[in-house]
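Each of the two complexes below includes chain A, the first together with chain B, the second together with chain C.
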Partner chain A sequence: MSTRVAPAFAAGPTDAAGGLDPAARSGYADHPPRMGFFTDTSVCIGCKACEVACKEWNKVPEDGLELTGMSYDNTGSLSASTWRHVAFIEQIVRAGDSRWLMSSDVCKHCTEAACLDVCPTGALMRSEFGTVVIQDDVCNGCGYCVSACPFGVVGRRETDGGAHKCTLCYDRIGDGLTPACAKACPTESIQFGPLDELRERAQGRLRELHDAGTPQARLYGEDPADGVGGAGAFFLLLDEPEVYGLPPDPVVTTRDLPRMWRHVATAAAALAAAALLSGLGQRS
Partner chain B sequence: MVPPAEFTSYYGRPVIKEVVWGVPDVPGYLFLGGLAGASSLLAASAELTGRHELARTAKTAAVGAISLSALALVQDLGRPARFINMLRVFKPTSPMSIGSWLLTAYGPAAGVAAASALTGRVPRIGRAATAAAAMVGPGVASYTAALLADTAVPAWHDAHRELPYLFVSSAATAAGGLGLALVRPEHAGPARNLAVAGASAELVARNLLIRRVRRAGTVEAYQSGRAGHLMAAAEVLGVSGLSIAATLGRNRVAAALAGTALVASSALTRFGVFYAGRISARDPKYTVVPQRDRLRRQDQAESPADAGLPAAGLVGQHGLLQCLG
Partner chain C sequence: MAEAHPVGFQWVMEAKKRGAKIIHVDPRFTRTSAHADVHVPIRAGADIAFVGGIINYVLTNEKYFRDYMLAYTNAATILTDEYADTEDLDGVFSGLDRERRVYEWDSWRYESDAVRPAAGERSPDLTGAQLLQVRRSGRGEAQGSGGAKAEPRPHTDPTLQHPRCVLQILKRHFARYTPQVVAEVAGVPEQLLRQVCELVTENSGPDRTTAFVYSLGWTQHTVGVQYIRTAAILQALLGNMGRPGGGIMALRGHASIQGSTDIPTLFDMLPGYLPMPHQYGNDNLDAYIAAETVEKGFWANTRDYMVSLLKAYWGDAATQDNDFCYGYLPRLTGSHSTYETVLEQLNGRCTGYFLLGQNPAVGSANARMQRLGMASLDWLVVRDFSLIESATWWQNGPEIETGELRTEEIKTEVFFLPAAAHTEKDGSFTNTQRMLQWHHTAVEPAGDSRSDLWFMFHLGRRIRQKLAEAGRGASAPPEGVASADEWNRPVLDLTWDYPVRGPLDEPAAEVVLAEINGWSSDGTPLSSYTQLNADGSTACGCWIYCGVYAGGVNQAARRKPGTEQNWVANEWGWAWPANRRVLYNRASADPDGRPWSQRKALVWWDAGQGKWTGHDVPDFIADRPPDYRPAEDATGVEAISGTDAFIMQADGKAWLFAPAGLVDGPLPAHYEPQESPFVNLLYGQQHNPVREIITHRDNRYQPSGAEPGSDVFPYVTTTYRLTEHHTAGGMSRFLPYLAELQPAFFCEVSPELAAERGLEHAGWATIVTARSAIEARVLVTERMRPLQVGGRVVHQVGLPWHWGPNGLTTGDAANELVHLSLDPNVHIQEDKAMACDIRAGRRPRGPALRDLVREYQQRAGITAQTGTEE
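Take a look at the complex of A and B:
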């Protein structure tokens, strides 16, 4: 869909599909294949097993038990204490005919991750699997990642002041286990594996759905040429991304940072010049 | 231009997270950091041209403002005791990291410069510190523009080219205004010049910024609600202060009045920009509509035959499927 090419600022080693290899860019010379999620929402049944499994495994605290009035979704959104979030959308196709959309959202583990770029302490880091992880013992709760993420994934937890998000179960995948959510998903809507395999599988699934008469099916986040260099966790959706609360065309903010620094430097020089010149003129 | 927004969202929920930075801590810091950085420059300029009263006042203002800033920043952290972790790494991809290092270099220099000026001791070290603070000061006053712009917050990111100029002008307005208000007019020449230059540049920068965000589709965030009021008040105070300073700036009472108005105007600008960001993060339309529009333009560029039929696919699909949310 997009023909945008990653700028030189984001240059570095590439993976098989021609996208950037985030683990290699972060200095892992010899690393395992990039791992990720393919969430096929066309088979999601809205059971929320992923939400529960994630909470249990990662000891993520409760974050409010309120009725939201949003169909079956009383979780609301991803946050510091919600790392998988199942969205529910009930649509009327025509009178008397409705359809359900359900989708389990998660951190995208972006190839070009704004959260990681802006973190001033180095608490956010890239793992050898190419995933994006927050080191809780380093995070000082500055909140920069919260505003940098174009998907609204990271949050700052009230109770401990730190930023938290999905780790793609770093502790499980390091031991060769499947992340808790994918493990618990009864329909294999959440699939875990090497990213290039998942991308291939997703293309097959997309063709299948198109052939079966579901032209609305589309992939979201699988394209290495998109605004975040492709997501490590991508999706098959049955409607526009914004219907699910996802941004239609997110672009990592740091792509413009070189330009920002140039303008900052020019502005700083102008201020210095103006201040020094202000002393000229007749001394009274 | 973004067409009148008809857009889809998930139950009207924001797409990006709300800004967690607090008020008044962070917008206050934007203001005080600018005041400090530009005051150090003003101090150096005054000292070079032998206006010691003005130099002393500007140095005191700088150290006062930067100390309050540091407190505000630490207080705004979720885990204040770990503020020192800011200095674990040096990361040019993080404006906050660069800012932390700038403040680490700047704070002590500004402190020594002020201490020496106020006590009259170690004048040579004082002069060196004055020069050092003046060298780092422009960075302290300007990097905060990148700090805000390097986020997914639409109203901030869209203004990333203009914010640095708005922020340094606002810094000059504040530093000049404070000198104008506190120092006897016959010694306040550089402050008056800086205030007039800053306030004039701020008018231009604000206009350019508004033009940019109008094209980007986020202008409403700057013109509505609290942000709109703050920006408007900043402009009124700025123009009033500027006119008085430029005409009656040599009169003690008029100078005090103009200076106060300009300092207030600078602060209101920072709060206005801050609130514009907050507003744009809270409403999904600021994220969805411009992105949708960008996709549409790209599609049109790729298949010019479809030009003139904007978003045919979108309309078709959504005409069929009406979202209950």
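Take a look at the complex of A and C:
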């Protein structure tokens, strides 16, 4: 595993697993448990039912009819019009154990969500479930969130100019329904539930795989101590994150902002002082 | 299975979680292989050699489940001395009539004291030509619920030593399927075969069971039925039939294809696997019953099933006096499979065609011939969700582009009628485990869309109305029919009185289900096929479905969760026959009626209660004790002994050796596909000698093996499906969310083949056979592996077959390449193993396309005779 970036977040309420409780920090005094996804890629069969169910429920438009040549992945990446993306990685060995890795990627619903931090209109909001949701009718299409996301999840759709991404089916989970992708998944590769329960389950599955002789298995995004304060949607991977196109050490892009502002302020003060001094010098 | 049946594959993943080992045999490394413990890359078309190798291992090392085999299979049964095996005749069985390309199968009989039937035929009056026609009808599918005719009480040798007992015959037959030969023929290395043999046998026996799952990769061959037979022999030897976790699962090509064989859309059967009457030998009901009834077991009651079916069809009009309207049934005059129908279209004898949810213009073998056939029709009705190629070939089909057809010259009148989806109608699906599950209308169909039931019912209603109004003499009856009225009677006398509901006059599907279930003369729903009578007092639309509406309740609509019942879950849906979930489950107990092991207990004999009981509904006569032995002269159900677990079989046994029921041999033998770059290394006989050949200028075959010109088509090709698409694409290519997931027709090749032929990844390739040439994008992938076969490297080309010219994603149809040479039992085409050439770049456009195909034909020296030799 790569070294962890030390958390640099302000102190605040914590959830059961010891991580920060984003809903409480956002002002929900009495709120349901934080909900999330655990995507166990070791049982993903690459059927892409998650991609289709997501688009059906959320009315996300078709996203291009191009053959990519990247194994069976013709989706390419997450974008404004792709909220679930199944990656296919061929690791074929002519003499030995071949693997064809499949993994359904999704918005991580970070504890420290940069997209939310940078949104100037308040279109991005934290829900009572601790998830991160874009409100279409508030979004002005500025695109700050697009560049702020350390995972490249958010995109702007050309047809309506707005930013779009996974809502963790905010309009389903409020009614006690499972998000569309998890509901459609035939092998329970995508599991939905209270985050602390999922984390426990994931640890169990990880032990199971390690005991069964799969030492490469690892969790990704489950650690509240990571650069985004832990993800609300985390994964069990069978290889390095880079193999799946995931950043090995994601860091909330707004982490350094306070420090940057301090530097800017210092620099500005220095400039002002210099200007002042130079002005004084001229006069003299 | 993950590829074509992802929803069903969840249970494989579940089994894997519980420790099951998954073996996947496929030419390609697929999404299934990705989750298998062992992937066996195989040369397409060599599976009988591969499974034959496992059988040889089992026999040689005595790994069979001896007690099971002895009690429940025909291993001990002795054959007559007339039988000659492929071992004696260099690859063919006794009885081959080479001139007429049929087997006389009398010599495959069991030895017994019974008097030998005249010339082995049930109707001694038939002439040779008539007999040939009956045999060519090949009603093999009638064996779908078990039981061809055979000697009910054959001689046996329980010591299994008699040289003519089935086990000894089997040993001789499979002795040549050695690991070395399997490696040579199938390209499966010896140690890999060994690994599979050990995994399968270690996981079979009293405590453990192994299941086989196959799909169209096994059926679509000129020896397709024998592929399944090979697995059946292995599973019977290992004791894996009739037991939980065992069996052979056929994953069908569509939802409810099992239902469409139970209540058939096939030409050669009536509901419940009753054979369709033939022109010869089935003149009246008595003759039919005499010819088609077996002496022992539940098929002995054929008359009950048939009369009840006729009563369901013709109601009060069907009486004892008029043979229950048996004469109204159509007659077979040969094979009338979908492919012969195309020939009849081209010959001008078939002039009208209904396509209900079928897209032969791209979805059937030799697609060009399919379209040319449709272009010869007077009228064509297409019912589908969208404008599929079968509805538009006259406008934008490939023949318009090549100039072979001109729209203004096509006389076919094409009607397109939009169809309702399963969410827009009531009805049932029958899955591969024979389980019916009911679905209810969620929304009414939009616009002009209507259900198939609506269409059929109202079409019938209007036709009947027109015939009734037209009356006597309105249209001239055919020769030999006294009057128009007589000619119209079979249609006018039909019971056609289903109630309709709602604004669309939708017929009540549950009433149809109730009719299928059957009722007594006072309308009381029946609860079991044992209640059916031959005196006309019961009506039943499909005897094996009797009980699905027991008590007037739609049993198929039951949805009790698995958590609220035992693990067999008998209260979810309903399975035929009699809601049994595991067929022949008497075999899950030993001959004395005790489970073979507690771990694998399913049903057992309860001596205290004097009946069979268990987790599942026992597939046996409920109160027949294990020690029951029938009297010498017992017949029918009375003749089933307490250990005859396979109650639908003429001798009560699972057939290692099939003395009847198959038209191409009592045992499987490896034959090369119709088109193969290889000679048959196992026998002097190259192909299945009785495969169906269709000689037509649009269906030229390629040379094979050592024949000159064979090297023009040096590669093996196979077709298959992708998760993202559905069959011929009518339900996926037109939907944006599916089309974008696999947006182009592609072929899959290994890096080695790509290098050999200069194919570029994501570029274009042209694939050529003697029928046509198609173009596809190229996926170069290590998942395609060159194999060592016959002392050289063979490359295989993978072709997903979903595409056609219409829809959001378009492409050539792989079916353009496929020939029509058919399995003689079930008339299925051989898409799964062919030979082809592949070259870089796109195919020619316009008339130049046919020129390219002609050039290939000339280079390979192809004539009308090529490939037609036996």
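By our rule, the second predicted complex is superposed on the first by the 257 of 284 C-alpha atoms of A that agree within 3 Å, B and C clash if a C-alpha of one lies under 4 Å from a C-alpha of the other, contacts with A are read in each partner's own complex, and residues count from 1 in each chain.
What we mean here is this: a contact is a pair of C-beta atoms (placed from the backbone, for glycine too) under 8 Å apart; a residue touches a chain by one contact, two chains touch by 3 or more.
A quick note: this is a predicted structure, and the numbers were derived from the prediction, not measured.
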| item | value |
| --- | --- |
| Contacts of A:A269 with chain B and chain C, given as first, second, both or neither | first |
| Contacts of A:D117 with chain B and chain C, given as first, second, both or neither | first |
| First (chain B), second (chain C), both or neither touched by A:F38 | neither |
| Which superposed partner A:F129 touches (first chain B, second chain C, both, neither) | neither |
| Partner chain(s) touched by A:E51 [first = chain B, second = chain C, both, neither] | second |
| Comparison of chain B and chain C by chain A residues contacted | B |
| Which of chain B and chain C A:N74 touches, first, second, both or neither | second |
| Partner chain(s) touched by A:E90 [first = chain B, second = chain C, both, neither] | both |
| Which of chain B and chain C A:F192 touches, first, second, both or neither | neither |
| Common ground on chain A, meaning residues reached by chain C in one complex and by chain B in the other | 69, 71, 90, 92, 94, 99 |
| Chain B to chain A touching residues, read off their complex | 7-11, 13-17, 19-21, 37-38, 41-42, 44-46, 48-51, 76-80, 82-83, 85-86, 88-89, 91-97, 99-100, 134, 137-139, 141-143, 145-146, 149-153, 157, 160-161, 163-165, 167-168, 171-172, 175-176, 186-187, 189-191, 193-194, 197-198, 201, 281, 284, 287-288, 291-292, 294-295, 298, 302, 314, 317-318, 320-325 |
| Chain C to chain A touching residues, read off their complex | 2, 6-7, 9-10, 13, 29, 31, 33-35, 39, 722-724, 736-744, 746, 761-762, 777, 779, 781-783, 785, 808-809 |
| Of chain A, residues touching chain C in the complex | 43, 45-49, 51-52, 55-56, 61-67, 69, 71-72, 74-75, 90, 92, 94, 98-102, 186-188 |
| Residue numbers on chain A that touch chain B, as the complex places them | 1-3, 68-71, 76-77, 79, 87, 89-94, 99, 114, 117-123, 138-144, 146-157, 160-163, 216, 239-240, 242-250, 253-254, 256-257, 259-261, 263-272, 274-284 |
